[in-house]
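Each of the two complexes below includes subunit A, the first together with subunit B, the second together with subunit C.
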Partner chain A sequence: MTATTQDIRAQCRGRGAQAAGHSGLALLLLLILFPILLTASFLIGPADVPAVDLLSGLFSGQASPAALIAFEIRLPRALLGALVGAGLGMAGAALQGYLRNPLAEPSLIGASSSASLGAVLAIYFGLSATAPLALPVAGMLGAALAMLLIQGLAGRDASVLMLILAGLAVQTLAGSLTSLALNLAPNPHAALEIAFWLLGSLTDRTNDHLLVAAPFIIAGILVLGGSGRALDALGLGERTAGSMGVDLNRLRWRIIIGTVLSVGAAVAVTGSIGFVGLVVPHLLRRVTGNQPSRLLWPSALAGACLLLTADILVRLLPTNDELKLGVVTGLIGAPFFFHLLLKTRERMR
Partner chain B sequence: MRAGVALLVAALMALPVGAAPALSPATRVVSLSLCGDQFLLALDAQTQIAGLTRLAGDTHLSPYADRASGMPIHDGTAESVLMLKPDLVIAGGYARAQTVGMLERLGVPVLRLKTPQTLADIPPQIEQVADALGRGGQGRALADRLRAKLSAPGEGPRPTAALYRPGGEVPGSRGIVNDMMKAAGLENIGGKLSGRPNGRVAVETLLLNPPDLLVLDSVRPDRPGVGQSVMDHPALAAARGEMAVAAFPIAWWLCASPASIEGVERLAEVAGRALGTHEEAAYQPAAIPKPLPAGEGSIR
Partner chain C sequence: MSLLSARNIRFARGGRPILDGVDLSVGAGECVGLIGPNGAGKSTLLSVMAGLLKADGAVALDDRPLEQWPRAERARRIGFLEQGANCHWPLTVERVVTLGRLPHASPWGGEAEADRAAIARAMQQCDVTHFAERSVTSLSGGERARVMLARALAGDPAVLLADEPAAGLDPYHQLQVMELLAGLAAGGMAVVVVLHDLTLALRHCTRLCLLDEAGKVAADTAPADLLDSGALGRVYGIELVRGGHEGAPFALPWRRLPVEMRA
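Moving on, here comes the complex of A and B:
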């Protein structure tokens, strides 16, 4: 190892140590916040059921309405919210680290909308009715296609602009194809369900959806979560990373597979929910510092918190029909996007 | 070029002169909505039909689908309707407002049928359409037969009911579904569940306030979608001890049409069967009127 690398690493460690104090505090705060939000998501809903009834119903195994609501409706909704949020947050942090680009995010690079397209094809043309696993698999195939397209279009070391444009192209194409597929579907209601697939929702998702998606999302999170060190090294430059023993090819596949697993399976059951992966790492970077290894797991936790909060909000807001999740995450996320754009512009000058 | 267009428009406007609905009977009638189709088919006016909507022959959605076979079909755009050279266009309440406006501007006589909100609104519309077709006597006869079937629903306790559609859509206190349930001796609580005249109801709200009878009219396992998956939510299957479930063909009330009045008997029949066989049922079967014998009043 050259002297310069050691210097840089030492420098990083110094900066890391500075952030470590904040980082620990933030992590602690998230660890406290997460169970609170998870419980709140379980307890809040359109039907006014006392918390005691819900909690006792969850463990009683009876067929009373409160028990059914607790086990069949609220439980999958809260758990799916947490898992999907964690997957999106983790994928956002990993993609930003890997592409070394603060604007990289599953939905901005088109992975989410392509996963939507895959799921739509599987559902509306009858595949998922015969084989339940076809749904997450189709979502993952869609996400994989987007990841490969982005790789081909923008390359790994692409400029911010190139990546965003390539993402926009993939996103637009997938979104249009989704609408087209829904309009061609034999179900006359299908065209009305475009909003679900483009904006996402957790309304009345079932334990079946949870069971079919959770294994893939968890696997994706684990694959991405183990890439922290390699991403740290990549942050020092490709050559340095190579000299530190990082197999770049392996890292690339790791990021692609992890994102495909977590985002593809999540979107297949909830529709595409934007901006979670953008906002979360950006917020956390202030307290954890820039090192991906310190950012990945807190991002998963914060992603879960953000999505649970958004899902609680859609149930509390007195709108006519429940808002789609993407509307809320978009409202929270778009200002961050503006902020990031302004910062990027300053740096480019 | 412009003169040509003007000439064309003038020619089109000149076409239907004197074809005002009530004066001379229309001979080339085009219906722009599935509901308009039903009125024409109920009157057996096949010889005067120049075009029906694509759905007219769908046995799932159109109660008179068997009478629509072989009838000319159009795609609902103004140009294809004009090509059929109609002397009367029957338009529904909301559908294709742009197309209807365009046809009116071009001088095609249009008969707009307001969407009936109650069963009692339907017989006058039958007469209205029959008059425009020069079938006044036949129309009055059909309308009278159907009027005779409209009787005030009996007093006393009524089983509560709600219609549950894909995506959790639940028709409330306004419209033909509500009136048909009333006539069949059921109390529609859809409006109470959603808190609006017509709205969506979450699965958990339905579980917490289960109606005596849950009516399903759009279960299509052959046409999957997010909305359909809400219809077979596992929690609903588990709650079947709480409420009776009846399947009712959507064709009877998708459109408020002459068939809707006959559909009331079918509704009372399926509701009575579902409530009667429901194990925990403690309802008096007397609350549900006996289906009338399908005699000469029967349309089909």
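Moving on, here comes the complex of A and C:
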């Protein structure tokens, strides 16, 4: 081997290590941040219970009021927040990689609002009260219908514009059907319940919610998390990806099923929480070198961190009524969307 | 012996035959130029030979039907360079070339020594090492074409199928790409390259396969013999000016033939 080739190889190794170092550092920071936020979310709440009591209640197994709060209220809320955030972050990163479009997001393509519709119908017809599994299943059915509709409307090679328009159409349809359910709600109380639920929140979510949603969200995250290499290849174009051994048909189903599982089940128990899937991958894109595969797991972790932070915020902000989580993520996310649009506009000039 | 061979390939789109009983094979050491007018089915044939498009007929890799090859193994043997290949994300050049190792990747492992060697070699062959750290979206067309070629070569394929790798490049970079492909073939690779530039095709290919507008093979022979046969002018419907330089023949498209004289 010549000296020059060895030099090049040494250089390549150095550069590779450097790039990996950046994404590694980001991942490390997230790994440190995540347990801190999870603990904070667990310790913060309206009931002023000392942290020591909460923790001892959690681990001692005694039936004290503190243990009850720890087990029945704080723990499901914190865990559900982490899971839902992770699911939305992962789905956003995977959809962006698959559609090769940094504006793709579960709520923008109508998956979230359709999942909401499914869940609203389950609540409306009282299915969720009789069968606990009905809620996530209805949410996933809604998300599945949205994904198939988007596929049919926009196709795989859709332009940004076509995709956004198809998403808008699906959102509008789901939104008006949801409004119809509100309109026809049997009594004002039921209407208010649906409306509040639609705003998206982790408040008053129980272990039952956690147990019915968690398996689906986790399954969805795992399904999407395994698509990294195929998504990398897809960035080079469909035919090139095919020539590199990627089964495009399998990848498409993988993305659809993973998104339906994670987003459908998440939205079904928390209501629609938008923009996590848009914001998180965007923030991480540069540190991960823009490579779709390196974006997936950090996005899941960062999604969990973001949602936990937002959920801590809504509890700390001194408002009369607790702000709804979906409202907060929307307030953070919408300006972000404007920012992305402005950037896209500059590129198009 | 042929590495990759297509026999009696038929393919129709919207009732119109694109390929009508096409045979083409390529062996180690050959650089086969696939030429023909627009719409003759050159890219379609290349896709069929890469296993990306199903068509009637048989494609065999190492005398074994292509569809019997496991996906990953086929991807390791056949490199494919898409027409106008590009990357949707602003990855660094080195990352893009590294993606070429995907068919060799183990499910969990990172880059092995063999991967790094292949990546470095491909980058050197295509002369992209000095801008390895730049974003691929910031490159000029010529630079990007070489990066995409490096991506295909990083996979160490036995067969390389390249769809118009020289399109849109200036003469210097056209020659650079063609010299590289001819050199790879001379080194034992089997190369099929779709070309529109007849001068490049005649100069750099060891054999030329000429498809006509009916989707049939009009000629499949050495460049000099193809020129002598007059098939080029008939199929393209043009008059060619022939010449020679340094003992090699060349031809210049000069004027269109009247419609009634076209094949």
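Definition applied: the second predicted complex is superposed on the first by the 325 of 349 C-alpha atoms of A that agree within 3 Å, B and C clash if a C-alpha of one lies under 4 Å from a C-alpha of the other, contacts with A are read in each partner's own complex, and residues count from 1 in each chain.
Operating definition for what follows: a contact is a pair of C-beta atoms (placed from the backbone, for glycine too) under 8 Å apart; a residue touches a chain by one contact, two chains touch by 3 or more.
Because the structure is predicted, anything quoted here is derived from the model rather than measured.
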Output check: A:Gly289 vs subunit B and subunit C. Expected answer is one of first, second, both, neither. What do you get? second
Taking the superposition as given, does A:Gly242 touch the first partner, subunit B, the second, subunit C, both, or neither? second
Mind working out whether A:Gly45 is in touch with subunit B, subunit C, both or neither, as first, second, both or neither? first
Does subunit A have more residues touched by subunit B or by subunit C? B
Is A:Asn187 contacted by the first partner subunit B, the second partner subunit C, both or neither? first
Mind working out whether A:Ala129 is in touch with subunit B, subunit C, both or neither, as first, second, both or neither? first
Residue numbers on subunit A that touch subunit C, as the complex places them: 4-5, 8-9, 11-13, 15-16, 19, 100, 229, 232-233, 235-237, 239-240, 242-245, 247, 289-292
For a test of understanding, state which residues of subunit A touch subunit B in their complex under the given definition. 45-49, 63, 65-66, 68-69, 72-74, 123-124, 126, 128-129, 185-190, 192-193, 196-197, 203-204, 206-208, 320-322
Contacts from subunit C onto subunit A in the complex sit at residues 47, 50-52, 71-72, 74-76, 78-82, 85-92, 94-96, 98-100, 102-103, 105, 111, 116-117, 119-121, 123-124, 129, 132-133, 148, 151, 155
For subunit B, which residues count as touching subunit A in their complex? 166-168, 196, 199-200, 202-205, 207-208, 210, 218, 220-230, 233-235, 238-239, 241-242
